[in-house]
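Chain lettering (A, B, C and D) follows the sequence in which the chains are written, and residue indices restart at 1 in each chain.
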């Protein structure tokens, strides 16, 4: 934060153009009223506020923007998009930035990505999510003790968390449904690697 | 013919993307062109002198200037050729700036296009004939539509200039929005005190006829001779008898009638006089809430009226006025801010508009000048002002700046502190726009002397906290953080829009309006008071956002335009009108049927019926020319042959 | 001047001075970049734009024409754009019959404040024209000759009018004749298989009046020349529509005209009859029966069934009885509801745009410029001032080219828009048999579709659609410029 | 009213954390003659993780379900979960773009059907069959005396043009339904605020703070319960209520039932068919209050 940014040399117009193209949003219309920040439910977890990220995109400060924690902490609730006076889908810009960062291997908040992978792993195996599985995998990945341990007794008592994975029943579809989902994930992964981006 | 062509460089405006010398060179090969040049600034004094010199030297009998839009300088150059002895209609323009140099960067294409436009102008000019205007009498009386401060100023200036004025006001009293204000910026002087005397002057001026509670129904005619139908709405009170004593309003039992003058901040009675200084000070019955008129039971006001002025059977009345000029001064309305659901959309009683706040501040308002919360009548200690609610906001279709909100918000913050010394005002703003005389200093005073906290950022949402206050979720972009403020009262600086019915009035006036309903001036810089319809002028916010001094100035400017118009005894009619070739006319009457102005009549000629154009009525639209299969009626200066010549210049396979 | 080859196409714009020209200025002031193809012609009002300017441009090599006026309700002249909207919409529907892609012509509304909209309109329209490419030139078209299929089903039984009350009609005419200067009808022509117009001035002339399938002429064409005189006229149903239209247009006066009507059972297409008869020395006999005519020429018998040899217009005729008459005798045969696409129009409908242009190219090469079509038209009233002769206004040049000939037909058709009753006299009079009626029929079809089935010549008091407007047009809709 | 059928996509949480939502949805629909036909072999929509990682992957997971529905001949698919709804709708709309469709089809076993069915929420599905009056007519045990707030969360009404749920800042459908059931429904200002549930596991402080704000307002407004329509919101506001209270340094005891559970009560369903036992903050007090109201009324 406490540094002078040499805008003239850091400026990357191609980055701005790429964000505009991928998100379909015209960021030049942003006049920095800050309404997105004012309504953001994740703002206090951000290192840069969403309006500041929009400013960074306008200026083409690629590293400043893609290395923020904020793009990982966005809840995708699209309150910002709804209230933007310039009709910018700010949430779409945030999602675009997250995709760009991921594809370049910039993961400033690994635990969030680890959670997503844990989630997607259970989907890949069972075709559906399975909370205990997701949590177990997440704990393994993040090397954290289950953060919601205090909830476990209550949750288990109320049978909120299934102990048995609820995979897609085999009799439901001729071809094993879980495997079909697995194939989707597999093809996605192969294609991403083929195209040289991080899956 | 001997035609001279002048290709203007307009500095680099045209010369930058059009090879003007090349266009001049190409022009020399066009039919009848004997002279072509490419001056730097054709409209400047040396440029005009060069045209005059060329006319004499080369014995020109027609001139083409290729430069900016004819809507700008056609009259200028017509005068130029006239000074050199040509008929002013032996002149044509090619628009190579707005339609060529400013919209394309390809110099080759632009140069070619410019040359073609010149060729079209030459071909048209070759078929021009000298035209002479006719003169006609004018009615030296002006109609002013709207009795806000701009209309009042225009009316008083015209009337002082000796011109009879017809002032039409939609509401029951003149005064407009300014009459609702408590104080005005940057002097914080009393609005009613400075406007009141002017309103009285209107009432007393012998040259002013005031139609309050009336609307313009229809307008026909043209500059110098308009005929205006005015609908006097039924007030259910005979104003010739009403003395404004107020006995009726004291006794009226319908005490929950919405009070439009007070911006619905409090109730009033069904029979009502808007405010103590109303002009005219006459009572009007709100028919929807009057028990007699809606249910047929009551009649109290008729019983108590000492002069017997109540007329329950009154109907709207149409009066006709003949005038020579019209000033539109219809002002503005606040946009419907309830589209902002995130601010409660009108659900929260203590989230109000700035105009409602004015009424709370005003001594003649519903709280007698005490700032009290509409919900519980408590005095607010924390007041949040939000700027740009419905201004500079594309998402609600209002991308423009409403101009004066920054200033009145500063004023209201100052007044809040005056009224409630232990209060704190907060202003959420995006930019402070204070370019007027003493304006910026005033906003600084609000901060420095009155402790108003300005927070740069918009407000995302307002919600009640369940404990009697409101949570204002905003941002301080300078701090780079979202902020929350607990407020007792929230005042929204609601953006303005053209007043209701402005576009319909524009259609009656045949003037243009922009997509938001504001009337279009003739030229944004050089003709800010004129419209494209001769004799119709603009004053005040109907033309675009402006504050009181600017509205007053434009009111006076419009009056000056009217007085200048009426300084002549006769007007010249545009000679570019339709003419009938009697030999061709078969009297089928198609032109008579179509003409929007009733400018064609049937006359008897050697025992046969023929169409004839009434020269001073014809406006030159040419609809008749396009209608007549016989080609018997031709619009001078836009004849079939002239347009065909332009088409042929472009399209010869 | 030639277009910039490979860079631009020829696009002509007609803009009203008050709104759209101002809008284009506003775009310029805002430096709103636009393609350079468009050349703007400034007119006072979109109502000033004669649709023929547009046809002139398109036949003359324009690749696109754009018209723009004030938005509806915002016309500087109150209503000019309302009229323009109707006329331009009719034009848009007419262009394809000439083989011109209607997408090459567009009209829209842009106000003086709408610089951005103007930029968008120009950009979108120019892109569209570039997508369509250079317009096919009429002069380059390869002539194509095709004949209409005349095998049609009629909406009513066709006959020869054998039971018509001709004698009673003659009595009625005799009774009325003293009050009239003349009564127009038909008489036998140079042989029994042909008729010519009859002008009855004396009682003995009445006996010459004939009735039957050979009465092809439309006697209404003579009415305007009798203006101011008392005149009687014997009409078929179709002829009566011309009379009504003349009345509506104030070209004749009702009190001057006495209309005698018999129900018509159809008339013969004399072009095809003559073709079948071929060259002959003399007509031996003509006998009529309910189904048709039998003509013996030079000893050879020819049979002409009405169902096969009627004029194209008779199959779809819905007015066998006069629309308006003072003396009406006999009852007409009933008409089945339905519509018959006229054969000439059906032929054009079946063609592609290229084929249509080639078709007209071929047909117009055959045109002799005799103007029999014009002379036969009851609604043609310019007479000596016809632009084909006077060249003023200079719609047409002296050049004897198929393009100029087609343009003349277009002028005639457009001048008849909303007025042509479809009597078909233009086409019948054509000595070389060019199916020019199709142009008028296409306009009539467009007018009927756009304006609640309006058909000219049915009501003398009706406001013709192109001389009126609705503020909100039911069947004309704004186009999208996205 | 005759029985109508919809294809039904329960969503993963229906089989785990929101089994009570599932149970009550089926009960209510049964009572309202709405037949729910569960899609055979449906799979997870991918939820937030999939679209956070890649839009095409997310769409492929969703489209597989829509394709199954299309094969079954379904025109409309109902789902109780707003998150699933949002994902399925986004995917359906994006498939209109040919390039996107081609990219997604590459990931699938076979190209998806040209026309995919529309997806709508169970709430709107019910509203389509029953307007307020029709619903009132079915009520057997009105919820008289209950003071309720409706909480939609952030996904149900946003983005406005995609979700088609009325004013995205101020939806009112749930209020109408609960009013039809006889309850007093007060306007809950934070009804579309995000509770932060999707980060419940990796970023607990954020979730707790947002939830606390919502719960705090509900308590201040004196609500008997905050009624929800989203499994994530429910888990967050109910199961994690203590976490939220702790972060705000206070305590809450606010029932957070699904709207289907209250609808079921009003329609007279036995409580054991509504999964009430799964609520962490019990509805017992509320039920007593409602009965009291009924007796008084």
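The criterion applied here is as follows: a contact is a pair of C-beta atoms (placed from the backbone, for glycine too) under 8 Å apart; a residue touches a chain by one contact, two chains touch by 3 or more.
Values in this document were obtained by computation on a predicted structure and should not be read as measured data.
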Check: Under the touch criterion given at the top, what is the topological distance in steps from subunit C to subunit D?
Finding: 2
Next item on the list: State the chain with the largest centre-to-centre distance from subunit A, centres being mean CA positions.
Entry: C
Next item on the list: Have a look at B-D versus A-B and report the one with more C-beta pairs in contact.
Entry: A-B
Check: Going by C-alpha centres, which chain is most central here?
Finding: B
Notebook entry, point to check: Centre to centre, by mean C-alpha position, how many angstrom separate subunit A and subunit C?
Noted result: 68
Notebook entry, point to check: What is the distance, in whole Å, between the centres of subunit B and subunit D, each centre taken as the mean of its C-alpha atoms?
Noted result: 51
Next item on the list: Mind checking the centre-to-centre distance between subunit B and subunit C? Centres are C-alpha means, answer in whole Å.
Entry: 47
Item checked: Contacts with two or more other chains, residues of subunit A listed in rising order -> 44, 79
Notebook entry, point to check: Which residue numbers or ranges of subunit B touch two or more of the other chains?
Noted result: 342
Item checked: subunit D residues counted as touching two or more neighbouring chains -> 168-169
Next item on the list: If you connect every pair of chains that touch, what shape comes out? Choose line, ring, star, complete or other.
Entry: other
Note to self: Output every touching chain pair, sorted by label.
What the structure shows: A-B, A-D, B-C, B-D
Next item on the list: Write out the stretch or stretches of subunit C touching subunit B in their complex.
Entry: 1, 4, 7-8, 10, 12, 17-19, 21-22, 24-25, 27-29, 31-36, 39-45, 47-50, 53, 56-57, 60-62, 70, 73-80, 83-84, 87, 111-114, 119, 137, 139, 249-251, 381-382, 385, 387, 392-395, 415, 463, 467
Check: What part of subunit B is in contact with subunit C in the complex they form?
Finding: 69-71, 95, 97-100, 102-106, 108-110, 112-113, 115-117, 119-120, 506-507, 510, 512-515, 520, 532-533, 576, 583-584, 586-590, 593-594, 596-597, 609, 619-623, 625-627, 629-632, 634-635, 638-641, 643-653
Note to self: For a test of understanding, state which residues of subunit D touch subunit B in their complex under the given definition.
What the structure shows: 167-170, 187, 189-190, 217, 219-222
Notebook entry, point to check: Across the complex, what residues on subunit D touch subunit A?
Noted result: 12-13, 15-17, 19, 40-44, 46-57, 60-61, 64, 68, 106-109, 154-155, 158-160, 168-169, 192-196, 198-206, 209-210, 235, 239-240, 242-243, 277-280
Notebook entry, point to check: Which bits of subunit B are touching subunit A when the two form their complex?
Noted result: 342, 388, 392-396, 430, 456-461, 473-477, 480-483
